[in-house]
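See below for the structure under consideration.
Just so it is clear, A, B, C, D and E label the chains in written order, and each chain counts residues from 1 on its own.
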Amino acid sequence: MVLAVIVVFAVFGAAGTSFADEIMSTGKKSEPSAWSKWLERPPGPFPGVILPDEPYDGKVVEQPIDFPHDVHAGANQINCLYCHTYARRSAVAGIPPTSKCMGCHNIIATDRPRIKKLTEYWEKGESPPWKKVHDLPDYVRFTHELHLKRFLFDNPEMSVERSDEVCALCHGEVKKMTVARKQKTLTMGFCTRCHEANDGPFDCMECHK
Amino acid sequence: MSLVRNFIENWSRYAKSIDEGGFHEYKHMWGMVVDLDKCTGCNACSVACYAENNIAVVGEDYFAHGQAMHWMRVERYWDEPDIGGKRITETQEHGASFIPMMCQQCNAAPCEPVCPVSAAYHTPDGLNGQVYNRCIGSRYCEVNCPYRMRYFNFYSYYETSWPSPLNMQLNPDITVRDKGVMEKCTFCIHRIKAAKDKANKENRKLADGDFQTACQQTCPTSAIVFGDLLDHDSEVHQLWHKYQTKLGTPRQEKENPELRGYRIYEHINTEPCVTYLERVREV
Amino acid sequence: MKQTMGHSIAWNVISRIPSEDLKDRASGAHNEWREMSKKKFDRREFLKAMGVSGVAVTVAGCDMPSFIASQEGVEEVVSYLSPEEFVIPGVGVWYASVCMQCPAGCGVRGRIREGRLLKLEGNPESSLNAGKLCQMGQAGLQNHYDPDRVTTPLARKGGKLAEVTWEQALTMIEEKTGAGSSIPKNRFAWFTGTVSGHQGVLMKSHLEAMGSTAHFVHETINNQVWRTVSKDMLGLETPRLRFDKAKLVLSFGADFLGTWMSPIHFSGQYARFRSTPDRGMLIQAEPSMTLTGANADMWLAVRPETEGAMALGIANILIKKEKVDASALPESVLDAIDGYDVTTTSRITGIAGDRLIRIVRHLKDLSPSLIVAGASACGHVNGYQSAAAAMLLNFLLGNIGKTIEPGENFSFPQLRPAEGGTRDLARFAKAAGEQQFDAVFFYGANPLFAAPAHMNMAEKLDAIPFKAAFSQFMDETTARADLVLPVASPMEDWGTHVPAYQGDRNAIVFQQPLMEPLYPGVRGLGDLLLGLVKMRNPGPLDDFEDYYAYLQNAFAAIPGALKGEGGDEDAPFDKNLWNRVLQNGHLEVPGAKRSFDTKVFAPDVAGHRENADYPYYLAPTPRAGFYDGRHANLSWLQEAPDQITKIVWNSWAEINPSTAAKLGVEQGDIVKITAAGGSIEATAYLHKGVHPDVVVVPMGQGHEEYGRYATGIGVNPLKILDPLSDGKTGEMALYGTRVKLARTGRSKKLVKAGDAETQHGRKIVATITADHLRRTEGES
Amino acid sequence: MMAEKTAQAAKDIDETIAWARINADVLRSMENPRKGYWVALAVCFAIFMVGVAAEVYQYDVGMGPSNLNNPHMWDLYISTFIFWIGMSHSGTLLSAILHIFHVDWRKPIYRFAEAMTTFSLLTALLFPVIHLGRVWNMHWVFPYLSDRGIWPNFRSPLVWDAFAIATYLTGSVLFLYTGMIPDLAICRDNATGWRKKLYTFLSVGWWGDDRQWRNFRKTYMIMACFLIPLAVSVHSIVAADFAMAIMPGWHVTSFPVYFVSGALYSGCAGIITLFVLLRYFFKFEQYMTIPILEKLCKLTFAIAMVWTYLNLIEFAAVWYGHDVPAKEVLIAKFTGPYSPFFISMLLIGMVLPFSLAFQKVRRNPPLLLAISLLLNTGMWMERYMILAPTLSLSFHPYTWGVMWPSFVEIGIVFGSFGLFGLFFFAFVKVFPSVSMYEVKEMVYHRRRVVFDEAEEKLHPATAPATASASSEDGT
Amino acid sequence: MKKQRILGLFSDFDKAISVIVDIRQYRLPGVSVDDITIKSPIEHPEIEEILGERPCYVPWFTLAGALFGLVFGAFFLSAAQANFLVQPQGGKPVITTMTNLVLIYEMLILFAMLATSLGFLIGGRFMRRRSSLYDTKISLDQVGIEIETDNDYIEPVRKLFTKHMALEIREGKP
């Protein structure tokens, strides 16, 4: 144990301080220390945001109906917020109600097997048992509403049409997937780094409940 | 030179905090006033707290072991014969005295510096934050709390305390604490956060009365007043002002020392953010 | 999982809903609801409704790397089918309803999220509780989510209760009491707690249909005596009391902060009464300290049964010493008063003369005052007389019209609550003993728990051929019933209620479902009653598909009635008004001002009865919390310490230290309390808030059958009460029972919160004198 | 006085003992000890298992079964932790001090004393871990760079503990090991099989030439110098856990000193216990001699007096400091429910040491065993009495309450003694528990005053005579 | 000319001393005091008197270690606090100067001791193949004198050893 401490000190020591200097400091900016060179982060995907890019390859989740995001969001260019409409009104983005699906799909593509399956559920008056893909621990408080506000609605550079880019910050290139897959680590480090870079609130109790 | 920077920054803030009470750069400073003359000791606040904060019901055996968890506990003391003469009578001549005790959210909290992992820390709103999932259960904070207002999960109460369907009542805004975690009154911080978000959404500042703590909301005699001490329009600030209770200074120079406002154990300089108004009794 | 909150309109989004589709929405949603209750679905799934979190626990996961902590594809997400547009996952919506934890009828608002009821708060609109709530009200949640609720109809087969379907259950009732049944008139009875509003109306019409008049209404905690007195002396049963206007309140055991009449309403008044300038003074005279007594400026341990004498004594001093003008009082009264001069009074009541005189001085200086009498004064053989004596003081001090106001008429007499006290319990016991009934329906009352042993309630109940219990829980009475019909919890049901004691403004309180029934097997009381009436005499009510429709129809008549041109049946249904009412949770019904018709008479207060073998009085005081025992199954209230003793999860006996010394009893010793009617054992808690002649064992514990949290905990003092009742009103004399105490030699650690009984000189609760207060903020 | 004189007269060790004997005896001790040794080992193991069972249960269920409650958030665990930390003190500290002052009677006994230090430290380390509500997150106390990038709170005395104890453990292990190298070489030269491999590895190529001896001397001295302030700092920091808290009865400036003296006290007692045991188990009568035991006793007595003094001082400070809560705690200690413990603690700690003033006692190992065990119990109770009364009777009357430990808690505490025993006895079986080379030095130096003779040899004038003279009493 | 090492074992320390004394007096050819190594079972500080002061570098290691510990404690730990503590710091400024002192103190001692033992291992020429001339008797009770010199000068040395009653004389390659 003693050794462990020492080793940890020795290895991370120098790097640790300056790395920390980069990622951990209160809202007020500090002049980047010499070490920050190799920690330079590329500017964000679009103006008004810096994003720590942390690729992560989530596993493919078995869903009752493997919903083709690529068709809807990708090919048909349907806005994310059209279906996930709760995201801008509530903390949780939620799954769109089945009625929304049926809104289109009692006319469109009714012959496809997936739509058939969906219709069955609808008739039975049940909702498909979706599985949660982007899941945060229960002691974490995250509100979609305010993040959208910050990055989309209050961001002069952005327009609602480009909402998918904002969603992509944390959800990855969903429009290229069928069933959604995790593409960001969504660890505390991920959150804090982004908060620090974009002057988000920086206080434990802000995100921990 | 991060060390120096940190030292200088912190020291200047600290030095300021001496004369400005340690909350000069806060956005809010949540405080409370409890009028002991109005408090009837009816326990409503305590039960409301249970309902709001997912507090576990431990049952008789554990209660007997002193492992109960009243974040908000109404304490009852029998009068000492200080008023109404010293003579010992066969029966009471006055009622009892009640006091609702919640975490005093000290401005110089003894619980914070001793937490080895900073699970207990001071939020920029002047609260004593308790990050449940950071807590490792060393229990030093409770050992060092003069008010004994922190409670420890000695067991895992989830199954025993909320047998289905009782668990459907659990408040989603608050974690259900598992064994080995210290917990305490948070001034209903989830309500604060919800109100903040709402204000933020409407691009306005948080106003007094945007939200209430559970105990304040239910108190049948409105003995509990809660609000932002820095907001000069807030009722709580005006009360503090009226009773000349000052935060961030060890001694209270009141022009009129007879005023009712006082804080518990002021002399150990924990600077609690809860002001109690003395109980009044006819003699 | 279908969202079916549609039929109760959220108060904060109503503007967003086009009004024309309201009715369809309502009815439509309503049908959905009914089919919902038929459909089976898994509760767990419901829990997993979207956005529900925090139900899981902070496990070691916190430090695990994210790819473990946030599992992908483990938790299930259940989406809505077709939600209302105002239903947003993760956003709580508040609905107004009424608190049914006690008969006071406070308005509540419930926070709903993802179809779950999460929290109850007082309804700020309510003129009774103005947004406040007591601990019982807060615990209403647990009453709703209780794990031990009866979920399906049960019928007695071979001595044991077995599950049956609703159809079978209803056919059983049909056979016993239906139109076709051979049950003769007057052989049927309802035994209920307080029932009011349209449920009351339906119940009445059911009784009419049954051709019976036997409706027993039982409330162990009541103020019948006081109300009879005010009826006799003021002509009004429930005059409006204004504690906030009074400068001095002298209360003879009226626990108006805890359990008396409308505690939360009075607490609000108390707050104003106590606030500066000219803060009021509270004097409490009672043998055992109640919550109100614990807040009194001056607390007098008056000898039991002598409250009346004390009142007269005070009157005497007022007239003789303080020369208060008593011309208003008739001769007979003055004669009655004459006997009670200071010395006599203090001899009878055991209160020092100087204190009496001090009280009188205060009474004279601080006017207007308010004198009330409550449980411990009224719960005696001479209860009525004592209360009358107390009321007499109000006359003498000219409080009538100042702090006791007539209030307004209530425009809908048919909706007034069917009320009663313990007298009906005795009456019922008598009637049942005489085999008067073939069928009795029980609702909202637990006679078996409340009845003293001398009534032999158990045998009498068994003797009744058919007993149906409309009950939410399996309590003692329900357990003995032949048929158990699970009723919906107050949070799942429709209804209207009329508080017996109205607040500053008369109102009908509306109860609406805050969430859909937890269990598909339960039915609302209204629906059941409606069904019963239809069953007994088909015809008049048949076109009402269910209670909801009936209620709306009945509601349609109200506006007309308010305008004065009596409620016409076929008035159009005003949906906007209906929606507004559902938002507020109540409908104000202004009525004509009432006036007093005073009649003063001389109370004949007998002194207290010496009894050599049973020297002590047993005081089964009610405490806010368990109330009359109906809340003993709520773990929050079991865990919430009793206000006076801070004891939890058990029963106890409060004894005065001097008495204890006499008996050689120490704190924690188990004492045997023996009355003529039997004996109980409880752990002794010593404090000075008890008269030396009194032992207090609060009522509420000692259930034999009431779910996991109440069963087998503590003892039930009601069991050993003597067969005494108030001479005038016939209410049971709850406080009149004589007992003797003996130590068993055993002892048990009191499970109580708080170790120290006093502050040990620490400045925790600091107290200043009222003069001090007047100096600092008196005339500010 | 008489007793004292004769004690002085008695020899610490028999100079005429042959070096070969020394080797033989000590090496034999590692081969075949008395039966008692195996019994002791078995007993320790049994006790340890009890502790393990209890801890497993507690880990599974939560801290509840230990009867801890509000306000008794700390109890036996922490007090036993302090106790073991205390035990760990005298070993190294005394050894170091005595070494610096060239006190040679330390030589036969310091080895096991230092072993005691090391192992009681290891045992002590268990308790902060055991008493954590969420043991699995223990590592958060140490600063390491994680994805979350959060850091322990260096203001917390608990974190200082972590550092101080880690340092002290490293230090005392090094000290113990360094001092053992020459002996390991001896073992290496005589052992066979796995032992040989082990010793060959551990005695890092020691062949005892003057260069090695020279470095050895310096190193050992330097380490001794460092260990003294270190040991003191460690226990003052443990004391800080309490002195930094604002609780009445803890918030006392004299706490660090008080703790250190208490630590030395219990440590000396511990040494006496083990002294007597080893002496019996391994037939070390020639090396762990009665006179040395006597010296130990005198030392213990002296320290006991210091401790007593500090105790009384603390009472006085509290009493005249007139801090009401603290005063109430003090009074409660004498009168309250804990008074039996407290008073017996005072009796044992303050009065019992006086028995060591009698030579008869000092020369009677079995009796000393009993006494030293009693002293240790007393010191353990002292630690318990530091915690319990304050916790049960602090500022807020409403939360006053007496709490008695449950079987689980007692079981774990009990088990820790078993663990220590296991460690210790295993050690003395595998490693020489008496420092052979230093006993040789002791014998050697006591036999003659070397320097003058070397001097003479440098002047050949008188050389032959003395040379011949010297050659006679060679062995 | 090739070097040769010779080891003589003596029953006790005086004989060993006398050998060295002789060497110093009679000036054996090719043998100087510096070629002499004494192998003894116990520590003999007094041999300095005969062999003259020989250097020992351990304290320097100690110093280095102490300095490193000091810097480490002061800078790494404190700087780390500076950077990491701001996050849990939340609203209140955290002044950790005092604790820095404590940690520096501990770190200083820790690294000093580590460095010391390192110096010990290096300075003492440890971790090497055992010399062929080592004899287990040395660890027991005999004192050995090892002299390294040219082949030609071995003879007088052996004579000297035998004269001083060497119990055993061994030779070996360096």
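Brief remarks follow.
The working rule: a contact is a pair of C-beta atoms (placed from the backbone, for glycine too) under 8 Å apart; a residue touches a chain by one contact, two chains touch by 3 or more.
Bear in mind that the values here come from a model prediction, so they are computed numbers and not experimental data.
Between subunit D and subunit E, the least number of touch steps comes to 1.
Put simply, the chain closest to the centre of the protein, by Cα centroids, is B.
Chains joined by the most contact pairs: B-C.
Computed from the mean C-alpha positions, the centre of subunit B lies at a distance of 32 Å from the centre of subunit C. Centroid to centroid, with C-alpha atoms defining each point, subunit C and subunit E lie 90 Å apart. A separation of 62 Å divides the Cα centre of subunit A from that of subunit E. Shared interface positions of subunit B, defined as residues touching 2 or more other chains, are 2, 5, 68, 73, 75, 77, 118, 121, 123-124, 129, 132-134, 156, 173-176, 181, 265.
Annotation for subunit D: residues 134, 137, 140, 143, 147, 149-151, 153, 155, 159, 166-167, 170, 395-399, 401 touch two or more other chains.
In subunit C, 51, 53-58, 62, 65-66, 754, 756, 758-759, 761-762, 764 are the positions where the chain touches two or more neighbouring chains simultaneously. Those residues of subunit B that touch subunit C in the shared complex are 36-38, 40-44, 46-48, 50-52, 54, 57-60, 63-64, 68, 70, 73-80, 82-83, 89-99, 132-134, 156, 158, 161, 163-178, 181, 214, 217-223, 256, 258-260, 262, 264-265, 276, 278-283.
Listed in rising order, the residues of subunit E touching subunit B in the complex are 74-75, 78-79, 81-83, 85-86, 88-95, 97. Across the complex, subunit C is touched by residues 134, 136-137, 140, 147, 324, 328, 395-401 of subunit D. Every residue of subunit D that touches subunit A in the complex is listed here, in rising order: 125, 142-149, 151, 166-167, 169-170.
Interface residues of subunit E facing subunit D in the complex, by the touch rule stated above, are 11-15, 17-18, 21, 25, 37-47, 49-51, 54, 56, 58-59, 62, 77, 80-81, 83-85, 87-88, 94, 96, 99-100, 102-103, 105-107, 109-110, 112-114, 116-117, 119-121, 123-131, 134, 136, 138-141, 146.
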